[in-house]
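Going by the order they are written in, the chains are A, B, C and D; count residues from 1 in each one.
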Amino acid sequence: MAVILDLATQGAQMLLVLLLAPLLTGFIRKLKGRFLRRQGPPLLQPYRDLLRLMRKEAVLAENASWLFRVTPYLVFAATWVAAALVPTFATGLMFSWSADLIVVIALLGSARFFLALAGMDVGTSFGGIGSSREMMIATLAEPAMIMIVFTLALLAGSTQLSSLAGFMLSPAVGLRVSAGLALIALVMVAIAENGRIPIDNPATHLELTMVHEAMLLEYSGRHLAVIELAAWLKLLLYMSLIGCVFVPWGLAPSGASTGEEVTGVAAYIAKLAASGVLLALFETSVAKMRIFRISEFLGAALMLGLLGVLLLFVTRTLQ
Amino acid sequence: MTVIAELWCVGGLLGIAVLAAFIGNERGATAALYSAALALSLAGFLFALHHLLFGAAVADITLPLGLPWVGAHFQVDALAAFFLAVVNVGGAGASLYGIGYGRHEHEPLRVLPFFPAFLAGMNLVVLAADAFSFLVAWEFMSLASWALVMAHHKEPGNLEAGYVYIVMASAGTLALLLAFGLLAGPEGGYAFDAIRAHKISPLRAGLVLGLALFGAGSKAGLVPLHVWLPLAHPAAPSHVSALMSGVMTKVAIYGFLRIVFDLLAQDAEWWWGVPILAAGGGTAVLGILHALMQNDVKRVLAYSTIENIGVIFAGLGLALAFDTNGWPAAGALALTAALFHVLNHALFKSILFFGAGAVLTATGERNMDRLGGLIHPMPITSFAFLVACAAISALPPLNGFASEWLLFQAILLSPGLPHWGLKLLLPAVGALLALAAALAAACFVRVFGIVFLGRPRSVVAERAVEVDRWSQGAMITLAVLCVLAGILPGFVIDAMAPVVQSVTGARMPAQASIEWLSIVPVAESRSSYNGLVVFFFIAASASIAAYVIHRFASGAIRRAPAWDCGFPEQNPATQYTAGSFAQPIRQVFGTYVFRAHERVEMRPPGDPGPARFEVKLHDLAWELMYTPIANAVSLAATRLNQLQFLTIRVYLSFVSFALVFLLLVLALWQ
Amino acid sequence: MTGRLAFDVSHLLAGGLVLISFMLLYQNRLYALLNVFALQAVVLALSVAWQAFVQGAPHLYITAAIALFFKAIIIPVSLHRIIARLGIHREVDTVVGIGPTMLAGIALVALSMVVMLRVTSEADSLAREDLAFALSVVLLGLLMMVTRGNAVSQVIGFMSLENGLILAATGAKGMPLVVEISVAFSVLIAFIVIGIFLFRIRERFDTVDLEALDRLRGDQYRGGQ
Amino acid sequence: MNAITISGVTFLLIIPVMAAAILAVLPGYRLSASLNMAAAFLTLLAALSLFIWKPATGPYILVDDLNIVFVVLNSFVGFTTSVFSASYIAHELETGRLTPAHLRFYHAMYQVLLFAMNLALVANNIGLMWVAIEMATLTTVIMVGIYRTEAAIEAAWKYFILGSVGIALALFGTILVYMAARPVVGEGQDGMVWTVLIQHVSSFDPALLDLAFVFLLLGYGTKVGLAPLHAWLPDAHAEGPTPISAVLSGLLLNVALYAVLRFKLLLAANPGAIAPGPLMAAMGLASLIFAGFMLYRRHDIKRLFGYSSIEHMGIIVFAFGMGGPLANFAGLLHMTMHSLTKSAIFFTVGHIAQVKGTQTIADIRGLTVTHPMLGWSLVVGVIAIAGMPPFGIFMSEFLVVSSTFVRVPLLAIPLVVGLLVGFGALLLRLQGLAFGEPKGRSAPVQASYLPMAAHLGLVLTAGIYLPPPLVTWFQHVASLLG
């Protein structure tokens, strides 16, 4: 019985993220439009896009290989699994133990790996640009992310997201400099990883500036749809990650009652909305930076992460 | 008795080597000899595995060979058994590959005799249980591999490669020799048992550590002792490159383990982990950065070997740090991670070199910028290669990730260490490793993307055809092993438990019993990873998505010319090349690491001539270390050489000066 | 009383040899050098003969005879011939000037004295003094070979060195094989002299003739590294 | 004078003399060559007979554990070299570098040389030893000059002059030893009989012994080829007929070394005398490092290996200088192995120079392609001489280096550096010679591979398995050497 219930919750979460992801993106687009004194696309536009793309036939370049066709599903699967592993409204999900923060990062890494390969598959110059830049960004973003993980893990003594969240809820935490640094670093990494302004502009197709989009140029129809969905999932994932780690309030503990879980969902949606607003504000208020400034941007994130770790030792050994 | 069985295998291999010297040129000899080598390697592997799994007693035997009053001691304990397994699995793979690949060899007599000898040498290093036999086997291994590097001695650069290799190798051997000299003591107790019994002063122990780090490190390819590796490994025939990169470096690591973790165990000090960690971290990052800058496939792979060696050494340093600071449990975790990575690297690096070899036979090209699009003519090869790329880039659920994950888990235990230095050093090393991992991903996206994807960049690439079944078989088998080790890491860890137990005195909790076959380094609340479930989830969700879409949405496909943002370009030269792919990363790291500077030479407007772009990279290890040494030697040689051209009178005056000098000594000596 | 006398005479002769070695160093004309060397040979013969008499060792007379006839007569004469034949010009070319050479010689003598003084006197004093002189003669001969440029003077240096040896050998009371040794050495010297003649060695030991100089002593071609 | 009773020694000495006499008059190369071989072989048998049938020690003849090593080694290499020289000389005759007259002379001298060396080895009387060594030197001088080219003559001349001075110094040392002995053992005969000396040496006058040793070390050291007394060695090796180079490196150096060792024993047995060890160690080290650097600029293949002989003599002398059971054992082993390996290398090089018609390294490339047998045996030989396993030299170097590093770490560093430098040079040349695009003539060669195969086989076996009797024997000698 309990197993069924657990399975249900797990499944619920997976469906939830899947459903919420487009909505979040739509919400952000809408907001950005508003901030720019525009009407902005309707809130549900992403769903419509998805459905339209799904119904279209997929056009493949002549020399596209099997890898090109498999990649979208792999990317989607990896991202989805990763997103499913991050506690959204409840900790202690059935399979929460089957992976930890490092695995989540690695899953996103494999998604990127295959996407980059797909970008090079057709053999167009833009695909190459996209892949190469994407990997360059990743080489800086990933270590930064690992540093953040270190900070949190050393803080909580665990890389297990549920126990992390649990620890963050506990009074033992208090206010910590390193946690703050980690938060800033995490936000920066999240921006970079999701190709948001100032790193990359998801809305642009201006050849020389695009990174993520350049890899997708050759995709169309259902493949494009799946990949887009994966990208939205990723955004959602990062937001829920920040949420569950740094503002874990409202998370339903393991074996919680349905009531708590409902409140959990509510809190979760509230967090998403909040972070969406923040992101939209941020994106409208800054300009995109040149591609080679990115290294400095992410380098800063990496430094912050490392600093967080070191400070952690200081504070730890002092107290 | 495992040791005897293993020795028989070695004897068999040597026999094959001798036989090969005579029948090497016969028709069908190649296949026969490689098959024999394959059989023996498999036998060796099974014996070792049996010893490892069923925890047989430490087997020991002394033959009346080698140093007369010491004899040749051979021993198989858990550690040896593990490395025997690694060596022989690599050897078996290479032999299997060789059955097919060997046919393309022009001068089989330059390869066939030395290949089994090389295998035998590596086995012997692991089996040896006294200093003399160890060094003999060690140097024999170097020698055999040198001969294999010289197999294609007419190709430009190979002579230099072989020379640098053999000199570095013997420098390393001399370092180990000195180390053993200190360990054995003036009475010359060269047997490992005697050495274990013989306690030495802290200073000397430190010295031994340094020498071992130099000796084993130079063979394994620690920066800055790595310079020979990217020259020699690519020069050899590909299956030999696979052995050298995948297996021989591991034998070097075995040597280091044996000396520092076993023979020196009782003399270890708390700070010993520090230099190893530093070397490991630095090596990892520098190695992979170099790899990203290379255009020769095999060279890239060689440099990536250096990176992985760095990772392994970092793991060893971690283990030593934990051990020497009285935390064997953590040490066990770190050591497990390191050993796991040893196994993994042996597996996927072999596949990668096999793949490179396959490409070489199919196209005759090693330069990435003349390849491309090989995924179409060579589906099997490219698939195996892809798996290996994903594994070496530490992507879940493959084996590379499992070991890296364990390593990170070990690093996360650093706060438990008493010493400040270590506390602060470990996270830094962790950052380096993370950086290395990310760069590795970039590096292998580059390799696979440029070589196998896109459009052919040359005629040879267009004409490529898939390689023979044997080679495919070898690659696929190893790929399967990669996947298995990735999704069922628990069993591997348990298999390594006795090794770790024997070395650190502690072991990781038994994994096989944990539900759902996930692995738990310390405690589940802390961290756990389940490759199987992740694999299952990914497979499930991918196929569900695919099914749903094809079922309910469109499954239609239309082939069309590439869109390429509206202006497609037919010339494959417009694709991203290896160089251009690496350019952003070169921009970021190059200036510090390679003193890279780029020079663009644009024609004036209206001039139809092509623009030139060139990049200069420097390997600082060469410029700061080796060139000065070489210059010094050559200077000394030139100066001293003038003594060759003197007159007899001057030579006589030397004699008389010597005489007068000695007489003076006598006169003044009390 | 005889012991006293024996000592004095042999001492005198040995000292004479050292003195003559200095004279050899002093010469700067080849013929004069030859003559001085002949003189040294004579003195050596005397001292050997004296030793034979004192020690009552008749076989030493043979050595004395060899010294007299071979070294004092045959060798100088033949060298004289060679100089004439090969048209070697008559000066001794001194690589190091006469003065410094003398100083060095004195230093060497002093050195040999010091070294010998360390010898405990239980080895009887006669032998000890003889040895000291012999060592000086040897060293001076060596010095001559080193500081004199042309073949003849170097041969002479070698021979005076060898005189020192004979002096020591005969001084060593009851030493066996002395005769054989002196014979052997004479053969050696004969070889050298013949060699000089055969190979037309004009100026220095190490050129057989002039254009040979470049190709000889090996390894002067520029080969690939 | 009951010294020479009929025994193995008698044959050891008589056979070569008689052979020399016959060969001097015997015309016809084939016959003389085979006779040469036969005589050498008989000598070898005589030497071996010494094991079973050890002669009594007389005032002139001594056969003990120390010199029997040298004697047997000497006769063995003497024999194999004669086999090699048969095929080598045949070729020289074809190319007309040697005339039949020369050949008679050559073979006779070869036997005289063997005789002289054997005599030097079995001599119990230090005077006799001196005479024998001088004889050996003169013989080799003549053989070195046998080609009558300017280069050969100069080499011979240089060898002759330096050798003579060395001889003179050695004689002076010998006299001094006698002087030191006389007060103790009395006048005459006994003062030069080594067995007597070693009994009473403890009461000799140390100062005289020191002085004597200085002269002996320099005198015989010149023959050993220690720097800075080495100058004659490379040229003599380069310009003479290759069999003689082989004998020089393989045997004559050993004989001189043997003499040095004998006197080292004397000194070691006298409490008051200076320790000869440091002196020898220093000279050995100097030679090793010096030769190591000299190897780099060599362009003549035989001269190259001449320098390598200097290097190895340096190692051996260093080992004996270090002393102690391990180092002495290593020294003996190294000496044996070096003789075998180096002569094998010279066999190979001789044939190579003949087929390629040059000794210039730069003109010889890719031997393993054109002449696989020669090329690979060169590779094996050089690898062995460079001290790589599984060959015997590695074992001795292993022992020397490791034992040194424990006892005097600071000495081990220059030692290792020297070894590495030499190794680098040899391998550099080897790769050029054996690999790469072939260069120079590629005519087939009729060579006798048997001698080199035998030598290298022995060296290989020794590297893996030393038979126990040999070991105990070496160990005993090592303990003698203190």
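In the analysis below, a residue touches a chain if its C-beta (ideal position, glycine included) is under 8 Å from a C-beta of that chain, and two chains touch if they have at least 3 such contacts.
These numbers were taken from a predicted model, which means no experiment stands behind them.
The set of chains touching subunit B and also touching subunit D is given as C.
Inter-chain contacts peak for the pair A-B, counting C-beta pairs in contact.
Subunit C and subunit D, compared by their mean Cα positions, are separated by 30 Å.
We define each chain's centre as the mean of its Cα atoms; on that basis subunit A and subunit D are separated by 78 Å. In this assembly, the C-alpha centroid of subunit A lies 35 Å from the C-alpha centroid of subunit B. The centroid of the Cα atoms in subunit A and the matching centroid in subunit C are 99 Å apart. Taken residue by residue, subunit A touches two or more other chains at no position, since every residue touches fewer. Taken residue by residue, subunit B touches two or more other chains at 641, 644, 646, 648, 652, 655, 659, 663, 666, whereas all remaining positions touch fewer. Contact with two or more other chains is made by residues 115, 118, 142, 145, 205-206, 217-219 of subunit C.
Every pair of chains in contact is given here: A-B, B-C, B-D, C-D.
Contact residues of subunit B toward subunit A in the complex are 372-373, 375-376, 379, 386, 390, 393-396, 401, 405, 408-409, 411-412, 414-415, 423-424, 427-428, 430-431, 434-435, 437-439, 441-442, 445-446, 448-450, 453-455, 516, 518, 524-530, 533-534, 537-543, 545-546, 549, 553-565, 568-569, 572, 574-576, 580-585, 587-588. Put simply, subunit B touches subunit C in their complex at residues 641, 644-649, 652-653, 655-656, 659-660, 663-664, 666-667.
Across the complex, subunit B is touched by residues 54-63, 65-67, 73-74, 76-78, 80-81, 84, 95, 97-100, 102-103, 106-107, 109-110, 112-113, 116-117, 119-129, 131-133, 135-136, 138-143, 145-147, 149-150, 153-154, 157-160, 163, 205, 207, 217-218, 220-222, 225-226, 291-292, 295, 302, 305-306, 309-310, 313, 316-317 of subunit A.
Those residues of subunit C whose C-beta lies close enough to touch subunit B in the complex are 95, 108, 111-112, 114-115, 118, 139, 142-143, 145-146, 149, 154, 204-206, 217-220. On subunit C, the positions that touch subunit D within their shared complex are 115-116, 118-120, 122-124, 127, 131, 134-135, 138, 142, 145, 158, 161-162, 164-165, 168-169, 172-177, 180-181, 184, 188, 191-192, 195, 199, 201, 205-209, 212, 215-219, 221-225.
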